[in-house]
Structure formats: structure tokens, C-alpha cells
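Two complexes follow with chain A in common, the first pairing it with chain B and the second with chain C.
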Partner chain A sequence: MGKKYWRRNLIYPYLFILPFIVFFMVFDIWPIFHSLSISFLDMIGLGKANFIGLGNYSRLFSDANFYQSLRNTVHYVIGTTLLQIPAALLLALVVNSMVLKLRSFFRTSAFLPVITSAPAVSIIFTTILDYRYGLFNMLLEKAGLSPVNWLQDMNLVMWSIILVGVWRFAGYNMIYFLAGLQGIPPELYEAAAIDGAKKWQLFRYITFPCLRPVLAFVFITHMIGALQVFEIPYLLTQGGPAGASTTINLYLYQNAFSFFRFGYGCSIAYLLFLIIFIISLGQMKFFGLFRREVA
Partner chain B sequence: MKKWSIILALTAILVLSGVLIAGAKEKITLNFIDWSYTREQWIRPVISKFEKAYPDIKINFKRLAFAACHDGLQTAFMAGKGIPEVVTQEISWFGRFFKGEERPFVDLTDLLAPYRPKLVEARLGPYTFFGRVWAIPNDVHPAALIYRRDFFSEAGLPSEPAEVEKLLANWEDFLEVGKKLTRPDRHAIFIPGADFGYLMMMVLQQGSWAFNEKGEVTLDNDINIRTLQFYVDMLNKYKIAAPSPAGAAFYSAIDEGKVAAAMGPDWHLGYIKKYTPKSAGKWGAIPLPVWPGYNVRTATWGGSAFAITKACKYPEAAWEFMKFAFLEKENGVIRWLAAYQLPPLKEIIESPGLRVPDPYFTNQTFGELMAKLALEVPVYYMSIYWPEAATYWAEAVGHAVAMKKTPEEALKEAAEKVRKIMK
Partner chain C sequence: MADKSLRGNFSTNNLKILMPYIFALLLFPIALIFLIPFIWMVITAFKPEAEIFSRSFLPSQSTGENFQRLLEIIPFFRCYLNSIVVGVSQVSLGLLFSSLAGYAFAKYDFPLKSAIFIALMATMMIPFYVRLVPLFILMVWFGWVDHYAGLIVPGVVSVFGMFFMRQYIAGNVPLELLDSGRIDGCSEFGLYYRLVLPLIKPAIGAITIFLFMGSWNNFLWPLIIIKSETKFTLPLGLANLSTTYGLEYGPVMAGAFLAVVPVVTIFLIMQKQFVRGITLGALKG
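Here is the complex of A and B:
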């Protein structure tokens, strides 16, 4: 084989992907392993850090504030999963409907919250959810109900964060469902319609099963994102009141940056990684992604 | 011949340029970061004056977002690169840099020594670690109580500051007067439902805080517990106070007369003045009510300071700038007028420039009141564990106000969490 063959088939392809490999190694792979090593150190403030083995991890298991952040995160995950995914599917079904006029407008509108900056979203929702002047309480009072302290009531604040999360990201998952819906062969619906299938039966026996791979992807990616929620509680409530909306990622940030305890912060990051890894594996098994397809 | 003349002339020019460039003095550039828009308004003219007086020094001032100024500096210290020479840091965020073995700032104790008699000594406490001073404070931030004169008159109470000061001599008096001012659509005052800022001012008046001068945790001492109980009672038992709304809603509510009074340091009252134009001309201002057994009429909350980083290659030049900008009398009155922030220089505080009628406060000389109170601000000592204490203190207030825990339970839990971290 000549030099031309080597260059074309073995060298040039790697040269083209080399910039990505370098960036990936420097900004992704190296920090992942470096932060793992930091999690075994007593890195507090500036200066020398001592090796303490699993000291940070054992402290984590007796940290009441960590458990509170874990409970808040689980609350957020369950709340958004139950609300956001059905909402995204419903939106996709609506904007995919041939009956709907101005479909492009509605598709864009549903996706707009995704691309709106987080600080802008938090300013708007701080006003909408305000106890005295907020739109929500104004509507409640018009309906003859008492106003609700959406952001300052410890029992309600996580629901407010969930509400903002659902509003913000339903459009994102809608796109995946929409792509899935458009990939379903229309002949299936025609054949079922000829057999007399009703709308609900069409959804139950054609749409839903055909969307299974998309559903698996949406569930898994949603879970990974929800477990790492940070910007909404950080901007809207700063984790308050009294830690009632502090999530794991926010607690990690607090320890690493506000308290300048990088070793402990890294241990929280790795524990979160482990939780996400185990849950994702479980989800993949549940959706049968490890099953071998038989021809 | 002509060709050789041109070559000789060009060579002479090149040699001369080289000599001039080599002989020219290198200009010192100092990068200075800050986050405050109001501070930028008075600091830029001061920088221009300094650069004229010191033509070899250039100050490269950059206003960054708050997080970039604080977290960004932290990252720069850890990376050892991109560290600015002069920095402004908020009071709560300064101490964390002293948690490790390294001291990333220049020790200013000896440099500040000749100026200490001119400074409000109490303000050096928050920037003193391990017995050394590491920053020049930007401010004093004395706290006062402001009240709606019209609401007091409506309730049949005196409304002139001298009389109201006697009426609200102590916090028990405030409670009783608050009951007369409170009605279904109005409270006496807003106080945070899950933050410690106002509570901090109340305990500082009694010589208490989160830490004592030895650095021991005092969050759960008797004064703090008793004061938190009073705070919770104002909200829940006597209902003369309402939880502060957040953000813009706080100012809207004040402007619409939802409360008869407000309290806070100069910067906080300055924001209230700025964002409540409808109620301008209806306010009066008095010192804070005192606590039984303590005759302290003011407190403080918040602040910022200027420091030189160890990465600075020209600390002498940086110190010349710091002296010029922050320790000179002529810049002090500008700082008050621009930002409602009294610098910690006694000669500014005693300056007649502050004694001007303020239309917002019905032509009361508000600056004069704040200047008097600035000299009475109680001292307190910052700890490197303040970020943790602040977080758990806020949680304790939230739990006590929501009545999920008693003040004693909440503060003891908070104190134990901080002590555990300190071990």
C-alpha cells in the first residue's frame, strides 16, 4: 500500500478529529479524574491539601444538610417526571395534529422557554410568584381563594421550582416526541382506522409502542438533567427558605465555592454521579435497551 | 552618494529609536476589579486624578458581575493565573480566602498603622484575621430606622424625629407603637422571614454576634436566643411585622405604604430611597431603638473592602493608589453623595458636606444622623467560618419563623453544625 493510502485512510481522519480529542481530553476527561482525586483530599482554602482517603465521603453520610438536599432533589425529580413528560408528549401530539392551524408558531412558542436565559426566567417568575403582587395570587384572589406564599413557604417552595422546571423544559422534550411521532408510518394509522380503531386505541396500540425508544431516551435524559438541577433554585430562591429548595448540585456549589471546601464538594459530585449512573442503568434495563434484537 | 546618505539617515533614526525605547520607563499597569455600579461612578474620576498625579501607573478598572468578582477571583487564586492586583471583595466573602495555609492578600497592618487614628476602628474588625489587617474597608454602614411621618400622624402619634426618637427609645416601645400602627392593610415593619440581616443588627446592638473575639461560635448564646424569640413574636404573636417580599416587590410594597417603618444600614436605606419615589418627602429618620441594658443606637450590616493581592508585582504602586483613592478626605464626600456609603474616615464623617437637607426625609439632615451613628457602630469580628455560620443562621431564622423549631432549638442546631465544621 502506498503512502497515499496511509495518508488518506489512516492519518488524515485522525488529524481531522484531533482538535476534538485534545479539547475533550483537556476540558472533560482530565477534570473528571482530577476532581476524583480532589475528593480524597482535605482541600480547604488555599494551600497544601492532605490525603484523607474516604474521609469526605464518610462525613457526607452523616451530613443532615446533604440528606435534605437529596430529599429536595428527589422531590424535584418525581414532580417534574410526573408533570413534564406527559406535558411534553401532549404538546407534541397537539403540535403534530393536522387540525391545528399555525403549527410552526405553536411549535416555536413551546420551545421558547428552553432558549430563554435562566436569569430572565427567574426574574419573571419571582414576580409571577410574588405573594403580594404576583399574577398567580392575583388570579387566586379573583377566584375567591387565599393567596399562597409560593417562594417563602417551606412546604411549597419545591413545587414552585418544579412548576418553573416543567414550564422551562417541556418544550425541549416535546421536540424529541415530535420527531418520534413523525417517524411513525402513517400506513399503520390508516390500517387501524379501516379496522375501526378509535382515537384512544390508535394512541394505545400504535403511537405509544412506536414511541417507546423515544420515551426511553426522554426518561433517561430527563432524569439525568433533573438530578443535576441547579440554576432554577440558585436564581429563584438561593436554596431557601431555610434550605427547603437546596438541591444536591446547589449544595455542592455551596460547599465548593461559598465554603471553599473543594474536597468535600468533589465528594458530593462523585456521589451524585454514582446515583445518576445507577438510576440510568436501571432505566436502560427497564426499557430493554440491553436486550439483544432477534432478526 | 545620495543612496549612502539615505542609508546613513535611516540607520541613525533606527539607532535613536532603539535608545529612546530602551531608555523609556516601563508603565506599571494594575488591574482593579469591582462589581458595584454605584462605586464605579465615583471611582473612575478618582482613577483619572490618580493617573494624572502618577503618570507611570495605569489603573485598569473592570466592573464584573458579582459572581465573577468573587468566584472568579477564587478560581484565579487556585489556578495561580489571571489574578488582578487590586480587588474589591464583599465582607461575607473575604474570610474564606484565609481558610488554607496561604494568605493571598498583602498584609496591610503596618501600612495602615499611621492612618488608624483617622479610621473608624470598628470597621477594621471584619477584615482582621490572625491579628493582622488585610484590607481597607470601603464603608461603615451605620443602621437607622426610617418611618412614615404621615402614618404616625394618622395614628395620633408624634411625627417629628426628636419626638419619635423618644417614643421609640427601645424595642419594647417599638412593639407597643407597632400595635397602634398595624392595621389589616399595613404593618409596622417588614423583616426577613428566612434571613439573618435584620436579626444580626439587633444582636450587634447587644454586643453579640455569630462569633466572639476569640473566634468561638456564639450563635446559641442567651442574647441571640432571646432576640430571635422577640423577632419571631413580632411576626407571629403580635403580627406587627410581615415577612419582607423579595426583589422589586419589597420596594413596591414600601412605596405603596404597606409598612410604616423600615430599618437598615445606609446602603439599604439608599436603595429604599431610590426605588420608592412615590413616598418621597414623607419619611423621617431616627437611630435604632435600643435594648434594655444596652445603650447602642445603631448597628451595621454588609460592607466591602479593598485589598492588594500577593500576585501584585508592584505592591508599593498599588498601595499608593489605595491611599489616594480610599484614604484621602477629598474623595469621601463624593462617595456618600454617589452611593449613600459613608467611608470609614472620621474626617469625612465630621464633614459639613454631609449636613445637607434631604428632601426624601422631609429635609431632615439624614447625612448628619448617619454620620453621628457611624462613630457609634459596634465592633464585631469576622471568622473564616462565616459563610457556614451565615447559611445555618439563615436556616435557623427560617425554622423559627415557620415555627418548625423553637428559637433555642434552631440556634443550638445551627451552632452545633458550625462547631462540627470547625473541628
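Here is the complex of A and C:
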């Protein structure tokens, strides 16, 4: 087929991507850039706004409430990473060692919280963590222990949020570990077993190294997601008591949509994006370097 | 004696078969960690009001009064209907756009192709929260605040869906088939409609359930764009229910129960596609 055919048909791929690209430009690309320019304005509501350069950003650095939300978010990221990823890995190892029928029962149970909407989760946990009538305190009392103020204690509230987060997303990470485990060729285990390797050694020298790419993926995506935590603190505690569970995105939401500080809100969003970007790059480098060292 | 040894053999064999089940029984509490909140939800939803605050786990009898009260205090089925309308329109438009674009990226060569593709993928890294304020401003300009259009249209494009389609089409639609279609005089759009679409049915299944769950559970965007109760989606209705009637545990839990049941049912039926969707799309990337 000659040049003519090629030219006549060159239009089709562009036609095929056109609807996607048009919507993408309007609802993705334009807002991304416009958000950056708003972050340089003292924009409140839709009224007239002035250019203030990095004014919003410098204000952020002296905003005690922002620091508190940053601390709470870091607390959430570290807490969920330390609890959720090992839990998910353990869960995957357990499920993977089961006979097929039971495997699907366990996998489904762990995955149910993932497909439940945040408001439903928050309703359920409001009644579980309630101080006077909640399930947890009911059980504590029956065990002869004193009740705990899960959602109103300033030192405890982030841990309660972490608990809900881990419950919600451990099954999600488990799915990736399961897929990774099933991708390991069984010959590796058979060969090692012939060489007399112990169970622990199988895990240390076969399972763990083979899972490293999945582990890297889960670490990075979990961190990106956890840094953006919003729904559960918004619904369960409204960021309280006294801002003790206000996360960065909740602070952004409050500024942008309770006080209509659009400029300030956009600067929070871009700062968070910057943090996510830098940490993701760092993690990718960490896992990449790690791998080269082994090979 | 013979009888005894026979029985001994029988039981050791049985033990080997039963071992995994015994193992699972010991691990059953792990599954319960995930299930107990749901069990608690079901129990509370059917508990008589007087017993909810009486600190007993199981009710003496089950009742439908919580569901009656729920339907009195909020237009719950209206929320249901809204969620279905939003979900169906977002998924069908999203499927059309992403399969067309995915097909073009998988099977055509054209100037700027990789530049466009890389730009698309790069935006996946940018949090939605960055776009929140400008998107809202855009909705004000369009006059779409508190309208179905504002609820549906901004969520139609899914880069993940497009990427998934591209991967699937690249791996499952042979170029020779498309070329033979061309020789037979099929138009380029005809190739997409008659050859590509039938071949990518599994991908369509996976993306459908993935996009639908996302739309069904989406909370943040409806929270920002919708003001009037008649346009509430299910998550918004539930959130409103718990802030306004939070002290009435029974009806609130009944609402959560009704919202969770359809998603869980769909998930149980289409579990395989869903899990394939999230793992395939991610691990290949």
C-alpha cells in the first residue's frame, strides 16, 4: 500500500483518540495548570484576585494548623505502612497456602471492606467506636476493662483512623501480593527443597526476593494513597477533636470549600503533590538500587 | 487387630486431607476481623430500637422498623436511582472513549503518539485534589453546579481505563486480523466495531466493574458539586444521614446495609474480572 493509503488513513487514529483527548484536556490538563496559577493568587471565592507570588506558600510555612495536619498525615502514613503492608503480606501468604475453596472465602472476606464506600464504613465504625454504646467498649466492659474514648481522645484519635484505614485496605494490598506469589515459578521451591532448604530459608531466599517488585509497587502506591487520606477523618471525626485528626487534604477541603480560600487551597494541593512526587522518586530509587545490588 | 490397623490407616489418610481445613479453622478469626463489622452492621440494622442501646450483641427479635424509619427521613431510593444513573452514564461513556483511544494507541502509528501517551500516563501521578478547585470553578462557569452534568461529565475520562484497554488490545488483537479486514474492504471504524470490540469482551467486563465501583463509591466530587437532596448519590445520602440523624443508629445502619448489599452482590458474581482488572492493569505498568 502506497503513501496515499497511509495519508488517507492517518486521520483515523487521531479521530479515535479525539473524544478522549478533548475531555482530558478540559477536565484534567487545564485544571492541573490552572490550579498552579490560582496558588499564586489571593483568591477567595469567585471574586477578583491579586497576584501575590509565593505568598500562599510562605503563609503555609508559618501556619500552625497546616503543620498539625502535616504531622497527622505523616502519622497516618507511617502507622498504616507499618501495620497494613506486613498484615497484607501475611494474609497473602496464609491465603496462598490454602486449598482453593477456602482461599476464595478468605480472599473475599478481606476484600469486602475495599469495595464498601467510605460513608458506609464510617457509619459502621461510628457505632463500633462510640464511647457509650459502641461494640468495642461493650466488649471491653464485659472483659472487666474500662472503656476507651476512641474518637474523642486527642492522643488516640489518629490511631483509630489508622485502624479503620488498615481494616479497609489490607485486602487491597493482599491482592497484589497474591498475584506476586502466584507468579513465582514452583520449580524454584522444588529445587530448593531438594537441596534441603528449610521453610524459613524458602521465604528468605525465594519468596522475598521474587516479591520485591510487587513490594516496591505496594509501598509506593500505598504511600501515595495514604498521603491523600481524606474521607475517613472527614466523615468519622470531622478532623477533631481540636484538629487532632485533620489531615492535609481535609485541611485543604476546609480551606477551599468551607472558607472558599481557593488560592490557599491550591497552594496546599501543590505542596502535597510536591511531597508525593519527591517521596515517590526517592522510593523508586531505593527499590531500584536495592535490586541492582543483588544482581 | 486387623480392624484397628485399618482404622489407623484410614484416619492418617483422612488427617492429610483434613489438614488444610483444620489449618483454615485455626485461621478463621483472621477472616472474622474483616467480617465482624459487617455482621455488626446487619445485626444493628435489624435490631429493635430499644435494644440498640442496651449493650447486647444479638437482638431478641429482628425487625423492619429501622428500614421504615430510614425511608421516612431521607429519599433513599432517589439516592439509589441517582447513583445508578451516574454510574451507568459514566461507565458507558468511559468505556467508549477509552476503548477507542486504547485501540489507536495499541494498533496505529502516528506522529506525536508516544509524546501524547507519556503525557497521559504522567498525569496519573497527579493527585485529584490538585484539580479540585479549578474543576469547581469550571463547573460554575458551565452552570453545572448542582446538576447531573456536573456530577457525571468530569469523571468520564479514565486514564487507567485507557491504559488497560491499550495493554489488552496490544496483546489480544493480532495485526494480521486487522490487515485482512482492511483487504476485505472494512472501514477503519468498522475494524474497531466488528473485529476489536468482540475480541476485547473480557477487558470490557473488567473495566466495567472497575469503573462502576469507582463511580458508585465516589464521595468527594459529589460532596463538592451537589447541594440539593434530590440529586444526592448514595454515598452522599449516607453521609448526610449520619450527620443529621447520627444518633438513630438503627435507621443509619439500615441505610449502610442497603447501600452495601448491591455492591457486595455484584462483587461476588464478578469477583474474578475485578481482581484481574486491578492486578493486570497495575503489574504490567
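Just so we're on the same page, the second predicted complex is superposed on the first by the 274 of 295 C-alpha atoms of A that agree within 3 Å, B and C clash if a C-alpha of one lies under 4 Å from a C-alpha of the other, contacts with A are read in each partner's own complex, and residues count from 1 in each chain.
The rule is simple: a residue touches a chain if its C-beta (ideal position, glycine included) is under 8 Å from a C-beta of that chain, and two chains touch if they have at least 3 such contacts.
Since the model is a prediction, treat every value here as computed from it, not as a measurement.
> Specify the outcome, clash or fit, for chain B and chain C once both structures are aligned onto chain A.
clash
> Going by the contact rule set out at the top, does A:G240 touch chain B (first), chain C (second), both, or neither?
First partner only, chain B.
> For A:F66, select first, second, both or neither according to whether it touches chain B, chain C, the two together, or no partner.
Touch status of A:F66: no partner.
> Based on the superposed arrangement, let me know which partner A:T126 touches: chain B (first), chain C (second), both, or neither?
Both: A:T126 reaches chain B and chain C.
> In the superposed arrangement, does A:G47 touch chain B (first), chain C (second), both or neither?
It touches chain B, and chain C stays clear.
> Contacts for A:G171 in the overlay, against chain B (first) and chain C (second): which applies, first, second, both or neither?
Only chain C is touched by A:G171; chain B is not.
> Tell me which of chain B and chain C touches more residues of chain A.
With both complexes superposed on chain A, more residues of chain A are touched by C.
> Contact-wise, after the overlay, does A:F27 reach chain B, chain C, both or neither (first, second, both, neither)?
In the superposition, A:F27 contacts chain C only.
> In the overlaid three-chain picture, which partner chain does A:F257 touch, first (chain B) or second (chain C), both, or neither?
Both partners.
> Name the stretch of chain B, from among 77-85, 113-121 or 365-373, that runs into chain C once the two structures are superposed.
Superposition on chain A puts chain C right on top of 77-85.
> What is the shared patch of chain A, the residues that chain B and chain C both contact?
46, 123, 126-127, 133, 257, 262
> Enumerate the contact residues on chain B facing chain A in the complex.
Residues in contact with chain A: 71, 74, 77-78, 96-102, 104, 193-195, 243, 245-249, 252-253, 258, 384, 387-388, 391, 394-399, 402, 404, 417, 421.
> Give the list of chain A residues in touch with chain B in this complex.
Going by the criterion above, the answer is residues 44-48, 64-65, 123, 126-127, 130-134, 149, 151-154, 240-244, 254, 257-260, 262.
> Applying the document's contact rule, which stretches of chain A touch chain C when the two form their complex?
Touching chain C: residues 9-10, 12-14, 16-17, 19-21, 23-24, 26-32, 34-35, 38, 46, 91, 94, 97-99, 102, 104-113, 115-120, 122-128, 133, 135, 138, 141, 167, 171-172, 175-176, 179-180, 214, 217, 221, 224, 228, 230-231, 235, 249, 252-253, 256-257, 262, 265-266, 269-270, 272-273, 276-277, 280 of chain A.
> Considering only the defined contacts, which chain C positions touch chain A in the complex?
Per the stated touch rule, the residues are 20-21, 23-24, 27, 30-31, 33-35, 37-38, 40-41, 44, 52-53, 55, 57, 96-98, 100-101, 103-105, 108-110, 113, 116, 120, 123, 125-138, 140, 153-154, 156-157, 159, 162, 188-189, 192, 213, 216-217, 219-220, 224, 234-236, 238-239, 241-242, 246, 249, 252-253, 255-256, 259-260, 263-264, 267-268, 271, 275, 278-279, 282-283.
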